[in-house]
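Before I ask anything, here is the structure I am working with.
A, B and C are the chain letters, set down in written order, and residue numbers restart from 1 in every chain.
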């Protein structure tokens, strides 16, 4: 059948191949490195510079850069057809979940040796520069086998963003515990200001991860991430879900309506306008809302989550860079990733606001970023990672069940019990399919 | 006429061949893939028989998307049909100024891309500054969360779809109404027939064949357009409340790394729309009215 | 009686307004500066900010994409007509073995949705590409147009065929008596008579090819070969990055304008030809 179709198609095509015909450049050239990156808040210019620098270091090497805002759509189809980039910079936790798909399909290259490599143009090893802990997480070692498949990139602390000036104006303190948080919520309500809003339900990932760590400690957090049996049936877990439930009473009422589709900027606008106090977010929000009008005197504030008992946590979000298993030019790809941790590269990234997880980098930051990255120095503990990789289970997604459901909790369409039972059911199914 | 065999062959063959290559063969491979478990990128594909279909039966999100698709099919078809028939009949039968202008304007939504429509309706449904809520507050009604309320969101999508489709079907009905000879109406004028009896006794029976055809189009296009609008307006949210067939298929095939499962949903969509059209065709069968 | 007239006008005008306002709104929005998008969406632009269009056209390459879209759409429509007209004509005029089967298959094709066959088509062509060791099938506007034309066949053949069957056979019989071959008869006698239906086909397919996104995205992987809707999508997808609303709406207008113009040009002819499956069925 295939041969027949091939033959017929050829005849059709040969007749008319004189029409427009743009050919791909050949992709098997060992001196060509294909790099595909997500064009995120930091823009694509810094990647052009990085590629230039890498080319300078490696005479004769050409870097072909693809930078797209919808990278998944662009390289997804290409990869299905067998045309793989050599290096991909694309984080997990994105809506299209392409990186997760490749993890589930075991289609990534083992990068463990990259961290033992000497950084091109320097004489230190990658692992010596990397901030400890970044390569011990499920977000870098998804199969729990001590092997690193995803290189940590651009880290940023997550927590609650607010208008520091609004709080000062009203003589309110930044709450350090959830009790203080609720008190502030009641106070603010009297003035017609809501305590809380969120861009989309997806932004609860870092929020819930940090809450889980606060509630039960890091070991408990890791149990949840590994879908440990009955872990959601504990008081520690229930406490977390109940906090979300209680937040519903303090959440700005248009939040859910604007949390779907492309309207989430309207929720972030609520904080800028002084209509809601806190929102969970990442450091990119500053650039994202750059052009937006704001309350007079507005000043970004950032805090870790209020404590449930004593410890306060801030989830460290970072992006990932990886090499597809099918990549043609793995040697150069590994060199390239190692180069991303060089001082030169880090400096280029930092000038666009992207912070590499290497030591001493925070000293060189200024402005808002200094405030954000100092959260760990101010006593908040860091939590990293994400859910363990599983086989794909049709119709089951922990992200939908755990985070998307929050929209229904907010509107009161789902009770905490139903939510909990759904999480347990999803968690059970995924545990059976752990890698 | 003698049958010019060679001529017929050369007329049919190229179109048929391309149709087989680019539509029939891919459809067959969708059916085949629906029997496999495959993530989309790995080289291993495991044959799982009808497991994917079995899993569909207990997948609440899929059942939800099925329900939403049916709601949209029924609502959009019913309202669009009535609105389009009324507009077509009014513009054809009544003595109206600027007929042409109305006809042109009503058709415009149909030529806009789904992205534009989604942008327009997102602005209309905005909870605080949207037109819909501004209008409600004029009448003293408290604001409605058009896209944020689980119970309402699917109806908000339906409104956008009706807005989009009415003009298209109106123009279709108008063209078959225009073919009805004026003499029939003149005859019933003499009998003193009312507006509505003229519509039900003359117009409707005479455009029946056309109307039946459009019912099939309603089914096909509702499934397609609901997907485009849902993806751009709500992404299936909040919490899956506006998920429809194709959006859920996309979600599973690409986002949840279950390509085979997604294709099983594709099979269901194909079989469902095909069967439904057949049933609708059967129950709307009437003896054609001869002029 | 009078009252009903008033009722009719009120409803018609209301409907017209609900259509016109949102469309005008898109045009107005395309002239706004980025900061104007954060407030009330229903205000008029403060000035005519043409830079949006310049930015979209050059910086976002919408100009190049525009050209690509024109090429692909025109090629696809030409191919479609060349393929579908003879096919529809033969199906409606001659009875032959397998006619019911071909008709039935084409009818069934109406129910196939491009959204789920796009990946199988892609895999088929890349497999073929590997077999022949060529990357001819990707980033090729001709292939894209061919896929467009092929997937539009069922609807187009269906529409043309039902139109042909409403045309009287007398002309062809006369032509046959004059000794014209079937090909000449089709070309000289029937096609001119089918002009209104052809216009309808062109308009409908122009709309769907021009706005098509999913196939184009899958097959046009190179920046230089993208079409307009794909480019537009890239302007919109800006998660976690400062949104460029002005450019986006300028892009929307660029996508919308040609369809509007084409529609206004052909709308008069549209009504006369749209009797799909006509009164005589």
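What we mean here is this: a residue touches a chain if its C-beta (ideal position, glycine included) is under 8 Å from a C-beta of that chain, and two chains touch if they have at least 3 such contacts.
Every value quoted in this text rests on a predicted model; they were computed, and no experiment measured them.
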Minimum number of chain-to-chain touching steps separating chain A from chain B: 1
Chain whose Cα centroid lies at the greatest distance from that of chain B: A
Contact-richer chain pair (by C-beta pairs counted) among B-C and A-C: B-C
Interchain centroid distance [CA atoms averaged], chain A/chain C, Å: 38
Intercentroid distance (Cα basis), chain C paired with chain B, Å: 17
Junction residues of chain B - those touching two or more other chains: 18, 21, 25, 126
Junction residues of chain C - those touching two or more other chains: 39, 119, 123-124, 146, 233, 236
Numbers and ranges of chain A residues touching at least 2 other chains: 5, 9, 12, 80, 95, 262
Footprint of chain C on chain A - complex, ascending: 2, 5-6, 9-10, 12-13, 16-17, 19-24, 39-41, 43, 66, 68-70, 73-75, 77-78, 80-83, 94-95, 262, 265, 269, 282, 284-285, 287-293
Chain C - residues contacting chain B, complex: 4-5, 8-9, 12, 15-16, 18-20, 22-23, 25-26, 39-42, 83-84, 86-87, 89-91, 94-96, 102, 105-106, 108-113, 115-117, 119-121, 123-124, 146-147, 149-151, 153-154, 157, 172-173, 176, 181-183, 186, 207, 211, 229, 232-233, 236, 249, 252, 255-256, 259-260, 263-264, 267-268, 270-281
Sites on chain A touched by chain B in the complex: 1, 5, 8-9, 12, 76, 79-80, 95-97, 100-102, 104-107, 201, 253-263, 266, 392-397, 400, 404-408, 411, 413-414
Sites on chain B touched by chain A in the complex: 17-18, 21, 25, 37, 39-42, 52, 55-56, 59, 61-62, 118, 122, 125-128, 143, 145-150, 232-242, 252, 254-258, 260-261
Interface residues, chain C side, partner chain A - complex: 34-35, 38-39, 71, 75, 119, 122-132, 135-136, 138-143, 146, 217-219, 221-225, 233-234, 236-243
